[in-house]
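Two complexes are shown next, each including chain A; its partner changes from chain B in the first to chain C in the second.
On to the complex of A and B.
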């Protein structure tokens, strides 16, 4: 190469390359191929290890292997008895301090609720935004600004949305008091809870100023009375719905003559509720327990009742606090940019000739969207949305910020219910020292993965089946 | 029709040495064998098939000597941003006749066509000045109801663009937009529109089948049926045959001749034989200006302008 000279044409120089270079290149090619294969197999191997270890650890908590063995090896009912193979209690039990008794009932229902709220909120907003951006808006500085923002939002870490949601939904910027003391709510009935000497529960409904309540008069005949002051009006307010504009009065001592509900747990576990009139004994400790028809109940600890509340399915309060509604809206924030972008792609994929045809026949833009572009775009919108929602199911971080409790022994009954979700339950179990909890965490992971795979499969099926050619 | 075939023959003489391929010459012969016959059925009697609801008002009586003007164009200019696409057009589109717009690519004829039903509204940078008048309706006025205008001025596009719906729903699309009809009336209208577009016999047994299963030519006739189902006064056609094979082209041209009895038709075409075959009047556009507009026979035999002659004889464009 030394003799080539500076002025020789480059093409000639290339021809005079060293003979060894071909072998080097072949080796390099092979080496790079091996490197790529290694990289690819790393992903596959890691996934295989993950699935293997999780299955080994978690499957015994979902599948009852002894019954499975009994069905086949020991001459049982074979496939007919498949219901006995599953440890249903893992799905129907709440979490427990003992791994054997722990189940995923609360997080499973929590995930379903949060997911449904998230989808119900994110789909209309996301698709609506996409319709505006693609079908109505003209390209100007404002819409380009929005577009840039949506793309940026899609890249924001989900925990940041958690902090936003904590301020905007859980606390509502402090505009409506705190979540423990909300300033605007309806669908709640408040009770003061007392224990009787006999250990029974007495609840006295809390009423507020302006409520008309039935009060037992001195002559023993009940009559209606308007509550005049919040602190003194703890009478038998009927548990009817009303918009409360002031916080309910604080708990107060039980008084003689309070109308109350007596809860008695029968030996067979039934709870019998009876309307009673309270008679408070002067000496708590000497108070006899009730017997006979419970027209009157003697209570102790009358000075320290517990405030409880009962809700209906339509109960609502501002701010949302750590409710399932706040959780769903938080995840909506996380997936909204994804849904908007995928929906926009779906509308862009609709050939503009179809729009032109519709407009040229005198359709308005909305008629064109409603009858032409939206029907054509729906399969792709569904695909993108399902993938986005499956991401929402797997999110833990933003809900953790929201202050979702980790130990829940109830399923949600309304939008204001407390909840937990599968990823948080897994996080909680995996963080405990006992190995058995790690195993049920693995079992919960199996359930979570199964749900996610189902969603992804659904998206693929919709993409395959519903995608009709458009031109 | 006799005059037209004469023109066509003359035109085929002058264009022998042009780039137009043999396909077009073969197209001149089917005048002896009508294309509708080539499809194995006779074209339905059009006047019978026209739905009452869709009949344009004020159609000139047969035998009227000078047809009234459907669209009056005065001092009409159009811009895309700072680029002026059309310069001071002066043109009368006569009622109940076929007007062909010819000219090389980029001469503004499609732009002009798209102004006549305000499809250019979808292009942000497009604007126009001057007068564009359809029976006393100022087409360019801000107050003009574009939706109603587009019902009165239908459009057929270059590429067949049926909706991914059934054949029936494609034709019913327009009527459903504008008014609620009983299903019986709608069925009648669909049938009459399809008959008018010479498509009924081919699709009457599969109205519920997807329109995308039709051939290109059938799709284009479906698009024409769809356009006339809303009862327009004017039909705009933007190179309706350029994506079709010769047989389908012949069918569409035959259809245009039939539709000309009922509608005012403005057709943009790159195919000069087509212009000669189907149109009553021809307007030649060049670089955004209207060079010449006259009876088709005169344009293709004794054009007044040298540029027109050069273009139709294939010396440029």
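On to the complex of A and C.
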């Protein structure tokens, strides 16, 4: 290793400059050390200023200081009293036009959903690619091209991935209509919603193929028509099992014999839903008569119907639009190169003697991967993947391109739900001129950084606990 | 499949005895020859016919290949989508190709006097990146030299986590920091700075790329073999001489690659500039002015109310195309430098 012939000229070169006195050189050495210390401490100081400024601004929105004082100074139960001094509203409220009422419920849940989808999509593909590249691929031109390509993808700005996702996931190249008018969807139940004169809410599930509905003709006169646009599914009036190839026919007035659902709000605020049969009566009933099914409800003078839809947990539509699924897949694109590269390093760290032994005993390549190399590489893969996923949690730019709405007052319930994530909410709040919004942005940053630090700590723990060098 | 078969022939000739003694997979009985155990584990399943095994192998190989091919599909999809929309944009009557490449006025929204000259956005991007580079590259390199050549291991073990935390902070947080701390600081320093300016955004981007510069340069410095340092010391060099005249030149290709990667990140950075740099695209080289970068323009278009298909909406694809080519070029250049100009000492 030590080759005097190669090293000496380099060292001589180093000395070849102007001959400086020993004193000058010592001073230079000292000065440079000071410069080094300055540069390095700069990084520490910057981190300190950043964390300090954000904590000062945001902490009052997360911690209730008067209760904190009661817990710690005035003889409370200290940390055990966390239930009292944490400002829970900040976590349980949706965003609001007034900073005092605003919370991070929607972005917090959105981040959890997006992160889960992103991990579920990126891990198999990323690790699969790494397995192929390290264990299966022979070194040919195409393999080298893939390798270069992966390295280049890691350098692509995340906003460009946003554009790809907008076209490929949110719009699906325009193959399935627009996201407002998707051409293929299932798991959606459509209702016509009516309000009777007595104020009761009546919903009639929109039926599937073969049912007769009233539609307005071209001459303006309503006429009956058979639904043709839905396909498949049960024909019990509920559209849940239908794959719709077009939205259902427009709403029609209530008719005698409609199988409807009557929604009654009980005095205690519960909503009771009863199956009823609609009977159009001459007079309005003050209250619907429910004497066991089939019950009746007056439909006279009921309001004109509106179309509502409800979803189940497995609802799906193509194209994905600005849904949480599209968001997760977008972030998958962003972190995929990172996961691939770190997993490849993990496989490279497995000593080849393990592989050779397994192959020598007649195991196939896949058997070797599954039973030998993959288990040995898992700790490093997990460390790299956790770091990649924490990058995804903090990513905002590609989701901005996706057209994620910034004012969300619902948590996701299925893959097609609208969503927002913590970084987007922070961006939204930070972009407003009011100082109070900056303060809650800082509070949201504290939450985001706490999550990310937890992830980083997890990665470090896994690295230290599970990773035993194999050579 | 032939390749796999060839592997077998090769492998069976290799000795198994040099397998390591530690057994991470099967915790019990590390004394037993690990290679044999691993192989036994591989074969423990139900005995299958060779044909079935071959089929399974082929299917899995195909699935894994599909995963790997996806990354190629991703690249080509980006290229095709951007090229298609950009060509569509150039084909519109409001747009002139020469104006786009050489024009110095970017006014996408002004109905009658619409102008699409990319240069204001490019200079905005370069200005922010330049401020970031001037701040972060020397600082990061010096910190890397300190970590690699000077720092005692205890200092190193506390500084590395600090850098890792800095590297893990989301960029939107740096944007917020620029907006609420750096900009007021600059304004206190001089009244010339507006509430949105390129310097503030540039400094925040600089803080963001600092850990990248530092850790990648440090990797490059540490890869320089010890014998080089020993040789220089033996000739009476000070630590400064060794670091700056021997180690840094020897690691230059790695350091330049690190710089290029960091600049690529600075050019592609979105959230910081969207928050702190403002939204006014005009030709200026004054870093105290408000400016708009390519990424910030894309954000303003995609979050704005320009209808899809309109000329200003499509212009963001053309800008994205330029950005993509620029960053791709820099990444490729970094890889080439790393490969071509690497000094081999082993």
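In this section, the second predicted complex is superposed on the first by the 335 of 471 C-alpha atoms of A that agree within 3 Å, B and C clash if a C-alpha of one lies under 4 Å from a C-alpha of the other, contacts with A are read in each partner's own complex, and residues count from 1 in each chain.
Just so we're on the same page, a contact is a pair of C-beta atoms (placed from the backbone, for glycine too) under 8 Å apart; a residue touches a chain by one contact, two chains touch by 3 or more.
On a predicted model such as this, the values are computed, not experimentally measured, just so you know.
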{"item": "Touched partner set for A:70, first chain B, second chain C, both or neither", "value": "neither"}
{"item": "Touched partner set for A:360, first chain B, second chain C, both or neither", "value": "both"}
{"item": "Chain B versus chain C as contact partner of A:456, first or second or both or neither", "value": "second"}
{"item": "First, second, both or neither for A:132, with chain B first and chain C second", "value": "second"}
{"item": "Chain A residues touched by each partner, larger count belonging to chain B or chain C", "value": "C"}
{"item": "Partner chain(s) touched by A:394 [first = chain B, second = chain C, both, neither]", "value": "second"}
{"item": "Which superposed partner A:372 touches (first chain B, second chain C, both, neither)", "value": "both"}
{"item": "Partner chain in contact with A:86 - chain B first, chain C second, else both or neither", "value": "neither"}
{"item": "First (chain B), second (chain C), both or neither touched by A:340", "value": "second"}
{"item": "Footprint overlap on chain A, where chain B in one structure and chain C in the other make contact", "value": "138, 351, 353-354, 356-364, 367, 371-372, 376, 468-471"}
{"item": "Chain A residues within the chain C interface of the complex", "value": "1-4, 6-8, 10-15, 17, 25-26, 28-29, 32-33, 35-37, 39-40, 42-44, 46-47, 49-50, 53-54, 57, 124-126, 128-129, 131-133, 136-138, 145-146, 148-164, 166-168, 333, 336-337, 340, 351, 353-354, 356-368, 370-372, 375-376, 387, 390-391, 393-397, 400-401, 403, 423, 426-427, 430-431, 438, 441-442, 445, 448-449, 452-453, 456, 468-471"}
{"item": "Contact footprint of chain B on chain A as seen in their complex", "value": "138-139, 351, 353-354, 356-364, 367, 371-372, 376, 468-471"}
{"item": "Residues on chain B engaged by chain A in the complex (per definition of touch)", "value": "117, 119, 122, 124, 147-151, 154-155, 157, 159, 161-164, 173-174, 177-178, 210, 212, 223, 226-227, 230"}
{"item": "Residues of chain C that touch chain A when the two form their complex", "value": "3-4, 7-8, 11-12, 14, 16, 18-20, 22, 24-25, 34-36, 38-45, 53, 56-57, 60-61, 63-65, 67-72, 74-75, 77-78, 81-82, 138-139, 142-143, 145-147, 150-151, 159, 162-166, 168-177, 179-181, 207, 210-211, 214, 225, 227-228, 230-232, 234-246, 250, 261, 264-265, 267-271, 274-275, 295, 298-299, 302-303, 317, 320, 323-324, 327-328, 330-332, 334-335, 345-346"}
